[in-house]
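Two complexes follow with chain A in common, the first pairing it with chain B and the second with chain C.
And now, the complex of A and B:
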């Protein structure tokens, strides 16, 4: 009887491990396939992988793709800076106030994450058109991306401020530092980790964004993900794989740089 | 795409002593104003206005009265719309359930095991989060197309005679969405599982329950709030997901989000687009309300208590 149960448990464990490995394959394979597609010569990669070619990269690294790539990086960069400034200020205000309005305001500031982005995108386009504007362009994309950047920064900076005792600020102030100096020597360094994490999230959300940008791009202002998507919907070309890998590499590079300043896992999951 | 983030809790303060900020509470709250105004102007007000104008008649971009349900009645009298609505809801539900199963599997491993591979698994789970939805979707396209990797390998092996048309099928869309959303359910369930004392599970085992019974009768009830918020998160994101469905649906399989774009950009029916957007919001709110009434204890990531 006992033996029997032991072997059932072992079989269960084995089954669990097999499922786990399969799930990890499921998560990883599509992305590996994109990298593989970009460095082989056929329209579809052939198994087993024996051929190597950079011809899709030659096609990809042209002005047609570099312009949207640069635009995406520019929009994400500016949106991140604005999100960090507005979000950090709001998070600081929330952490230093005991008012009942605080809970409500935090809920409001993070509410854009609860709305489907495609709904926000449509609402913004219709709102602007209602006032006779045909104001599509990078500025509008930045404005929209900031609304989902702010919630991330409010969250991460809020988390990093939890451990900050307001008495430290008071101590600096009592010892003669000005409010400004107190902020720059005490408060800001303590918020740093949250700011970097929030900035990274905001940048990734903006740089990769499809749904929020969907109705707000124009012919003169098309971001990289939207341009790749437009191509994918109508035709299939492996040079897209090379373009996509370029974008992915850029994000990974930024993530690696940011992770030198902050521990991302502090801000994911566990509450 | 959204990420599950931890919520800041109250900063500690020593009672009875003046603290910077307390005496100047109003000026500190002012620091939050620019952010609040931004969210109002570029998200809250436009969305509220659109919900309102969906009950009016659109003439191009402008709206004229009187109040009418026409946008909605037009939609619901269209059998194609009704089938898209059903497709959207049941595919989102399927995605939510599959994400729960796989998410629990991965989260349980990450929290309860002390394997050396945990770091690698976390990395692999986070990877889809930082890579673009476009990259992931492209990967599935290469795998699932008629001339794609899976079909060509299966034909070489003689398993099938003709390629299976995955693209455009519900299967492809569900697979693609599960791939995008799995990290969300993993992190939600993980944080819930971290709050469960593992000695409860050990006690159950010591008292003679098998691993399956322990999991079903001890672990699952304890992490139910996490499971519910995981489902809510993946379900609501699925309903609004555009890119994955547009590409893997191959243009023939539509969901509400894809239909919004078609009505807005192709057939220029702005009123119907607004009405569909409102319906997406209502379905999301309805499911959140329904599941929350099952479990009062549940907290949705993204909403502070």
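And now, the complex of A and C:
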């Protein structure tokens, strides 16, 4: 009996490990293919890989690609900062308000996630032309990206605020800290993990965004995903893979830095 | 146990480092507060003397916590004033008031170490870093947690966390220390131990303290004076002995200590006592709590504490008045026993038998006679 149970447990463990490996494989293979494409010499990579070449990187690491990359990073960075400030403020207000108003507002603030982004993009475009504006460019993109960044921040910060007992704020206030000081010394450090997680999501949503940016970029100010899309309409080159790897590396770096500052995995995986 | 001894030892050896402060006075004048249409506190006034330990005692919903929160500044009264050391602080926010609170749920900052938690109030007061260090060490010693400053609240037990909360509150040397049911989340043994520790600490430091509790034993053990509250009013304010021995009404009598309330009829005044007649015709001389003197034949209630009554032999010729009845329930707890006696009229009274080992206790159903030593009862107006 005991033996039997032991072997069932072992089989369960083995099955779990197999599933884990398969899942990770499923998630990483497309990325590995992209990486591999960028470091081999053929336009259409052959399997199994035999040769190594960095020639596509020469084409990728040029102004043509690095300018959109830098613009994407800049837009994503600014949009993230604005999303974090507005989203955190909203999340804090929601967490400290009563339940009915809270449900409604939360729904409202997360509604941009429910609409297809292309619809939002179109709406923003129409909105701007309604007011006679014809300007497209980074500012408009930032504004649009903030609308989809906020819902992520509201959610992640909201979840982290559930763990912040208002009693701690009362205790700090009682011990002589002003409201502002209470916020910066007690509340903010305790909602940090939610802020980092939200910021990372907001950044990625902006950095990788195609649909929302589609109608809002101008010829002089094109983000990386839009540039890739435009390029691929007419031609194909593995240098795209090299560009994509550069972007991926950037996001990976940010994720690593973020996880050093805070145990974000706690946040995503639950405590 | 060793912690208690440590704390006492440290508390004594420490008194030379930290000067004992004279303590400050607190006064509440005509405080009124209503919330959502119902009045929580009615025109409440009381004074806390310098270095006094005053307890607000009452059932939940009596307004004691609201009152404490008004002293702290978390709630502002609708009218009236709060005076801290002759200075009105009624409209000052909590961070500008020189009071600190210990909460029922400890409320330690989870992301800060024990040392940082205790230093928090000092940093807000811009105390120099070197002095903060010294004072934090001193406070930790006082509560018997020296050497724990680098640990986090989660790593400590409930009792230790509450000691840290206490250290955090006293380290800033507040004018008044506010304790909001600080022992209610702890188990009985720890509660008994901590209430003595808190009392010692308060006395050593001469800290003016307002303590809120619904636990009458805590109130009796710790307080210099107790304010028994009900429905937003103070029913009685007095020393523990006054509250216990001479409750001013049935509510206080029932809330503090065990009590037997027996219906009786007022007969006449007899000096500072009075003669009452119990239902079975027995006449007893009892103390009387309140003026004015009731008129003859007024129905009143007489309070007998269980420990003031004795069981005597039914055949014994009573030298003092007595009531006959029969035993309903007998509970022997070893060091004392309680006997529930049903008397005429279906009423039950409780008699405590100290040290039951030497006596023969009745069994349920036995006829018993309860002796009422003179002047043990207290007449309460209904």
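What we mean here is this: the second predicted complex is superposed on the first by the 231 of 271 C-alpha atoms of A that agree within 3 Å, B and C clash if a C-alpha of one lies under 4 Å from a C-alpha of the other, contacts with A are read in each partner's own complex, and residues count from 1 in each chain.
Throughout what follows, a residue touches a chain if its C-beta (ideal position, glycine included) is under 8 Å from a C-beta of that chain, and two chains touch if they have at least 3 such contacts.
This structure is a prediction, so every number in the text was calculated from the model and none was measured.
Once the complexes are laid over each other on chain A, chain B and chain C both fit without any clash. Once the two complexes are overlaid on the shared chain, A:190 sits against chain C while remaining clear of chain B. Applying the stated contact rule after C-alpha superposition, one finds that A:175 touches chain C and leaves chain B untouched. In the superposed model, more residues of chain A are touched by B than by the other of chain B and chain C.
When the shared chain is aligned, chain B and chain C each come close enough to touch A:165. When both complexes are overlaid on chain A, the residue A:204 reaches chain B alone and has no touch with chain C. Shared-chain residue A:251: touches chain B; no touch with chain C. Superposed on chain A, the gap between chain B and chain C at their nearest CA atoms measures out to 6 angstrom in whole units. Once the two complexes are overlaid on chain A, the chain A residues touched by chain B in the first and by chain C in the second are 165, 167, 170, 173.
On chain A, the positions that touch chain C within their shared complex are 165, 167-168, 170-178, 181, 185-186, 189-190. Within the complex, the chain B residues that touch chain A are 1-14, 17-22, 25, 28-32, 34-36, 38-39, 42-47, 49-50, 53, 61-63, 102, 105-106, 109, 121-122, 124-128, 130-143, 145, 147-149, 152-153, 156, 179, 182, 187-188, 190-191, 194, 210-212, 236-237, 239-243, 246-247, 251, 257, 260-261, 264-265, 270, 273-274, 277, 280-281, 284, 300, 302-305.
Residue ranges on chain A touching chain B, taken from their complex, read 5, 8-9, 12-13, 16, 19-20, 23-24, 26-34, 37, 43-47, 86-87, 89-99, 101, 103, 105-120, 122-127, 129-130, 132, 143-144, 146-147, 150-152, 154-156, 158-159, 161-162, 164-167, 169-170, 173, 201, 204-205, 207-211, 214-215, 225, 228-229, 232-233, 236, 240-241, 244-245, 247-248, 251-252, 255, 264-271.
Chain C makes touch with chain A in their complex at residues 72-74, 93-96, 99-101, 103, 105, 107-111, 120-121, 124-125, 168-169, 172.
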